[in-house]
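Going in written order, the chains are labelled A, B, C and D, and every chain counts its residues from 1.
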Amino acid sequence: MAMLKRVIDSDLFWSFRQSPVAMISAFVALLLMLSAVFAPLIAPHNPFDPASLNLMNGFSKPMEPNQFTQDVFLFGTDDQGRDVFSTILHGMRISLFVGFAAVLFAMVIGVVAGLVAGYVGGRTDAFIMRIADIQLTFPSILVAMLIFGIAKGFTPVDMRDQVAIWVLIISIGLSDWVQFARVVRGAALVEKKKEYVEAAALVGRKPTAIIFLHILPNVLSPVLVIATISLALAIIAEATLSFLGIGAPPTEPSLGTLIRIGQGYLFSGEWWILFFPAVTLLLLALSVNLLGDWLRDALNPKLDD
Amino acid sequence: ETFRWAGKTDPQTMDPHAVNSAPVLGFLNNVYEGLVRRNKNMAIEPALATSWEPIGEGKGWRFNLRKGVKFHDGSDFDAQDVLFSYQRASAEESDTRSWFAPVSDVKVVDDYTIDIMTKAPNPIFPDSIANWMIMDSGWAETNNAARPDKEKGNFATLNANGTGAFKLTDRQAGLSTTLKPFEKWWDKAEHNITEATFTPISNPATAVAALLSGEVDMINPVPIQDAARIDGKGGTKVIRGIEARVIMLGFGHDHAELKYTSDAGKKNPFQDASVREAVAKAINVDAIRVTIMRGSAEAASQLVSPAMRGYSEANAARTAYDPEGAKKLLADAGYADGFSFGLKCPNNRYLNDEAVCQAVTGMLAQIGIKAELDAMPVQNYWPELRGDNYDMYLLGWSPGTLDHEHPVRFLVTTPNKEKKLGSWNFGGFSNARVDELLPMIQSEIDDKKRQAMIDEVVSIYQSEHAYVPLYVQPLVWGIRDNVTLTQRPDNFFILRWARVN
Amino acid sequence: MISYILKRAMQSVVVLFAVGLVAFGMFRFVGDPIDNLLGQERTEADVERLRELLGLNDPFVVQYWNFLSGAFQGDMGVSYRQGRPALEIILERLPATLELAMVSAALAMVMGILLGIYTAINRKGFITTTILTTSLIGVSLPTFLIGILLIYVFAVEFGILPSFGRGEVVDLGWWKTGLLTWSGIKALILPAITLGLYQMTLIMRLVRSEMSEILKQDYIRFARARGLTEKTINFRHAVKNTLIPVITVAGLQIGSIIAFSIITETVFQWPGVGLLFIDSVQFVDIPVMASYLMMISVMFVGINFIVDMLYLAIDPRLRDGKED
Amino acid sequence: MTLLDIKNMRVEFPGRHGVFTSVDDVSLSVAEGEILGLVGESGAGKSTVGNAVMGLLQSPGKMVQGEVLLHGERIDQLSKADYRCIRGKRVAMIFQDPMTSLNPIETIEHQLMETILTHLDISREDARKRAVDLLDQVGIPDPAVRIKQYPHQFSGGMRQRVVIALALCVEPELIIADEPTTALDVTIQAQILQLIKDLCRDRNLGVILVTHDMGVIAETADRVAVMYRGRLIEVGDTEQIMSDPKEPYTRSLIAAVPPSNRKIDRFPKVAIEESDGNALQNFDLQSHWLGQGDAFDTSQVNLLEVSDLHKRFVVQKAFFKRNRKYLDAINGISFNVKAGETFGLVGESGSGKSTVARVITGIHSASGGAMRFAGQDLIGKEGARRQDDLRRDIQMVFQDPYSSLNGRMKVSSIVAEPIIVNKLASSKEERNEVVMDLLELVGLGKDAARKYPHEFSGGQRQRISIARALATRPRFLICDEPTSALDVSIQAQILNLLKDLQDELKLTLLFISHDLPVIRQMCDRIGVMRHGDLVEVAETEALFEQPQHSYSQTLINQMPKFAK
């Protein structure tokens, strides 16, 4: 209760209430997330249960009875006869989890590495940045294959599915952290020369505290830009990696995989297989980015316009 | 007329003996020629040999060579080139070596006659060498390419000197390959092409766009779902056919235990023929055909399509779709509550392979057995199969010899390293009678007797449900309206039959 | 300066070794090249022979060592797929990618910075909101989709731009350029846009966010008090102060455009190294992948070095180090 | 003819906690050739008036009422582009905070030249010449070399002079000089003021001179306006205001000016009739948190011993050592600070005072020499290498308060930080209490706690910085121009507090200032610096009465006289 009151009292919440864009975005993002969480309750079908699928329902048009079975689907069906609407809801669970977790993972590693490299400098900096160089060399596909290969050696067969999702998160995260690290390092190099950092050191702040309490807030805006923009990318990357056989099985398509499947029907007239998932992803990305924009401004006390 | 066409993969080499793969052989058929060639109906017809006949009661075959044939560089074709090409194509470095496994000796009789002796009577030998291409011995030797070199490459990897209707004028590996008609070709040209360029376009959607926008005259393949659109739009059309490739499900016959899912470690139900039959009954091939394949495919009852030699008319009936029957079979076999297992599937090897596997998963789920689908790109797929990491898998087979003996040899006979048998029989299906019949089929000259033996093999593998054949893969090419060409079931595009109007 | 460069060069050598080691550790998991090299009628013996020949049976450290010792003599191995020296193939493909990368990077930088400045100065308003939202579409949809849609509109429907390839190229001897022919330039447009869209949005948003902050600084207010033109203030004072994160990201992005423009190159069948790379992965062409990764790591080391140097050029405060 | 007319100006800063009226109903005018002194309480709205005239109020600030007329033409409603034509060319402003007014990544030369070239149609060569010339006029030594440097390589006073030079670039009609000489020593200050006076006389330009320094007002201004709490309370001739102020606030302000000719025990307090939150409350140090720290051990005679200290900056890097260019900011100085005393450091702007402070606190490393604090060696203990208690003992008030405050932290967190780090409060509640109390001690009031640094006036920021330094309960406090932006009344309050602390806790002070009257009141002994050398160290009275070194003599003589 006290927490809630603190939140409502905070400047952040106040500036949130001032911004209609932020409120709408938050509403959309929340709606999407909740519908993902409660997908089993909301979705009219369970697309992940192969036994419930009827292949003859395949390629049903939205809101039109299927030519063989006469079933009607809100957003139509895909090639397997899966209800697109239900699949979006179910698929979002994987996509959102992997997307957010991967970005978070990349962000945490990247920001910490970047701050340490930038603030400490010298050998530490060289060491971290050369690791970054090595990481940059490897595209996420290869990283994923490596991690997947190693993970496979360690996990019992019936655990593969649970492990797969972490493999996805780690591989996507690993190929993204460098971007954060280098940007943060660049900013930290500039910030650490400023007098307020010297002042903080003077009152006795330890380097870790200076890094996280003083420098971090001042380098956060580019981090937020990259993080919010990478979300959609991570969701798409998940689909790519799943295609390589690394992530979720094809019988449980994520939002990204659904888009990938839909791309195959771009010329053939079954537009709905691509359209609805793509719009969902777009809405998600838009709301998260606009929310990010707001947050960035709100965290900057000077930008109160 | 200039002609531009696009395919999914670039032929990786211009050396006709280095790699035994469809993209390479298909392409080089336009540049090189063999002793025999296939006509528009896949039948054998004379090429560099004008005629051939068996000699010495199954000891071998005599080929009478065509006179006055010139290679693209102007040198003459004679028996020495055939002998050289034999040595080259059967060398250890050659990927085409297996074609010559039945051959015991090759003798030059005179400049234009050559005898190929076989270890045992071999009725289909001329058929099996339709893709054996003849190279000029002098050219190969002067250019240090007397043997194919797959590892390091040599002159013949990037250059070609055949006797075919077209000569290679420009080769940019992976980007484009240009052919021009060979004026001194021995045969009468049917085409009206003055220059032809092949470009690999790996992304199917791009290829479709290129066709629609008129940047290429022909694409192969067309994604099945886009066929309707290409047909519908003025200026382009689709030609369809049935490919030689049969898509089937395979089982881990020799696995004692299930390998995947929570049931891992339990007894492998697929060792029971009635469970395999249940699988066959559970699959609604028609539904797959109508939706995923858009009506283009044809249901398959055996491991070859009806167009192939040795197709068993006697066993043309496919196990009917009967989920109730399947459930009953399962119950009788003691699996009334079903079980779960791992299904491996490639996702970029066959047309809509992953979608088919998903459909299969759904259909199997309806009879109560739960497949956990694991789909992956083909480069990871084969090692998985070789490593026995599956309970059930998807496989497509296209007989290189266009003969039923081919899949029997590779897929049905008991694997045997020494005899080089059953090398793609991953599940280790084994039947003594089949093993016994194969050599007999191979050496039987009388077509009737041979067919009878094949029929027996088919009835064995059908009743055992060694594999569950699903359908014959469709062949869908897209062309511009003003192009005429011939589509052959082996999916080879033969440029000399193409005309641009 | 020179000692700094030497130090970096030393570090790069270590990086290269590490890259090679990781790479060869990875190759075990990318699939088996044998299946692509041998046809379906191959025998077990063939497989075994070829494995032995290619050294695939060796532990990866040995494979790595063999590669290294070859590389030391300038031999990066021969492509399994094409039977030609891997390095030769890469160098042959590089111009196409470099041209595409440079054009799209230039596009992304110019547009990104300009739009970033515009939206930073005019923080609210219809145009800003429109730019900010529509640009997001470019990063929310898969590159593949954007590429295909562009092809569909401009190649299929309007028929004004080619749908694939690089157009006509002019051979300058050491460099094949598509920039000198009309068809080459036309072929470049769609891939460059597809590739640059993401970078443009990223750079735009970075510039905007950094610049909004800078514009609130006192020295900007003082610059106004001095009567400087808005142009000078925005383009000189403000932009230059936002540059550090922007060039960092730009460097990384240029690097990854060159290295991994896989999807764009595949969609447009652009004959560059990205396409080569994905082909190699599919073909498990280990020598090409290995040499390729080596080249990429050299490139990234180089780019990041340049970026670090640019930091010093931009911000004098970073110049005075510890030495005194 | 009136040059500038401000009519009924009202400036508001809307915020989450309501609208803050910073300037309320202010009307002012400046005639051509006239210098109008603007004085008043810190935070009264002086800078805001200047900013409003320039049309450069910090958002969300807005001039909600009133008019600004230049030569009878209204300018406050001009379009952006038209306003730009006025700024710099017709009206120039010297910002109060010189440290943050310069673009950190451009050379001084660049910034001067672009300003000149924007307004004057002359060649680049001439512009460069003019730029060097301007630097010379504001007393920057070696201008041709210095002009190539970046702002961070300049001392506080030098940057202030650069800002002045920038304002003088094109000889405007009106100059708004917001505390232009706060960081300058008396000689340079005199030189700058003379320069402004000359300009007024020769070019007939008008000046609004915002300052807290009554001596400066007395010597320079023609008329004086007094602001208090956003309102203009009194305007009149300098003579009249100085000798016969009408308003009680003005009276108390003038009464509070510390005498320069004798030493008194405490600074005179300001007694304002209206009592309110910001006014000083009497407090008992004994029972106060600040007083609860252990009194320091003063058995040692010398708390700080500095001998032959050197600090050299590399101003131009090169691979070969011989090509490098150095600047010796401290050139071998030695002095001791006795426990419990106040040691003053005065001297030319740019002579190395701040550098000495930074070397002692370990922000910069020394290039040579020895330093001992309470017997412990300080050399080699920079930054994180310094032990916690040692670091806590030595604290500093930065010369530039604004850049030493983290702009993303609220004032409450800034002041609380040292308490948290050094665990000086037992509970969160106690901590908050102490923070509030400290803020009140420096005259900021509780509301300040939830604001960010940019929402304050220059003097207010300086007080935040002081509050933070006090929050460590230091043993040795270095004050680098701690009161340069404070009006005399607040200055008195703060300096008295320091003195109290010294008396009760034996706090030792190193006091850097250019303000000689303040120095005289505060210090026991004084060191005079020039060009990196310590030219003289003497007892305070001895120095003021009989300066030995010639530079000391000049300094004492130049002290602005404000006779009461």
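Things to note:
Just so it is clear, a contact is a pair of C-beta atoms (placed from the backbone, for glycine too) under 8 Å apart; a residue touches a chain by one contact, two chains touch by 3 or more.
Nothing here was measured: the structure is a model prediction, and the numbers come from that model.
Across A-B and A-C, it is A-C that has more C-beta pairs touching.
Averaging C-alpha coordinates per chain places the centre of chain A 43 Å away from that of chain B. In this assembly, the C-alpha centroid of chain B lies 87 Å from the C-alpha centroid of chain D. With centres set at the average Cα position, the gap from chain A to chain C is 22 Å.
Per-chain Cα centroids separate chain C from chain D by 50 Å.
Within chain D, the positions touching two or more other chains are listed as 59, 152, 454. Among the residues of chain B, those touching two or more other chains are numbered 205, 209, 212, 377, 380. The set of chain C residues that touch two or more partner chains comprises 30, 148, 152, 216, 281, 315, 317.
Here, these are the chain pairs in contact: A-B, A-C, A-D, B-C, C-D. Chain A makes touch with chain C in their complex at residues 126, 129-130, 132-134, 136-139, 141-143, 145-146, 148-150, 178-179, 182-183, 185-187, 189-190, 193, 221-222, 224-226, 229, 232-233, 236, 239, 256, 259-260, 263, 266-267, 274, 278, 281-282, 284-286, 289-290, 293, 296-297, 300, 302-303, 305. Within the complex, the chain A residues that touch chain B are 49-51, 53-56, 58-59, 79-81, 156-158, 243-245, 249-251, 263-270. Residues 54, 56, 58-59, 80, 84-89, 92-93, 95, 97, 100-107, 114-115, 118-119, 150, 152, 163, 166-167, 169-170, 312-314, 317, 319, 326, 365, 367, 402, 454 of chain D are the ones touching chain C in the complex.
Chain D meets chain A in the complex at residues 15-16, 59-60, 152, 361-363, 383-384, 388, 391-392, 395-396, 398, 400, 403-409, 417-418, 421-422, 452, 454-455, 468, 471-472. Interface residues of chain C, counted against chain B in their complex, comprise 30-33, 35-46, 49-50, 53-54, 78-84, 89, 148, 151-152, 155-156, 159, 162-165, 266-269, 271, 275-276, 278-279, 281-284.
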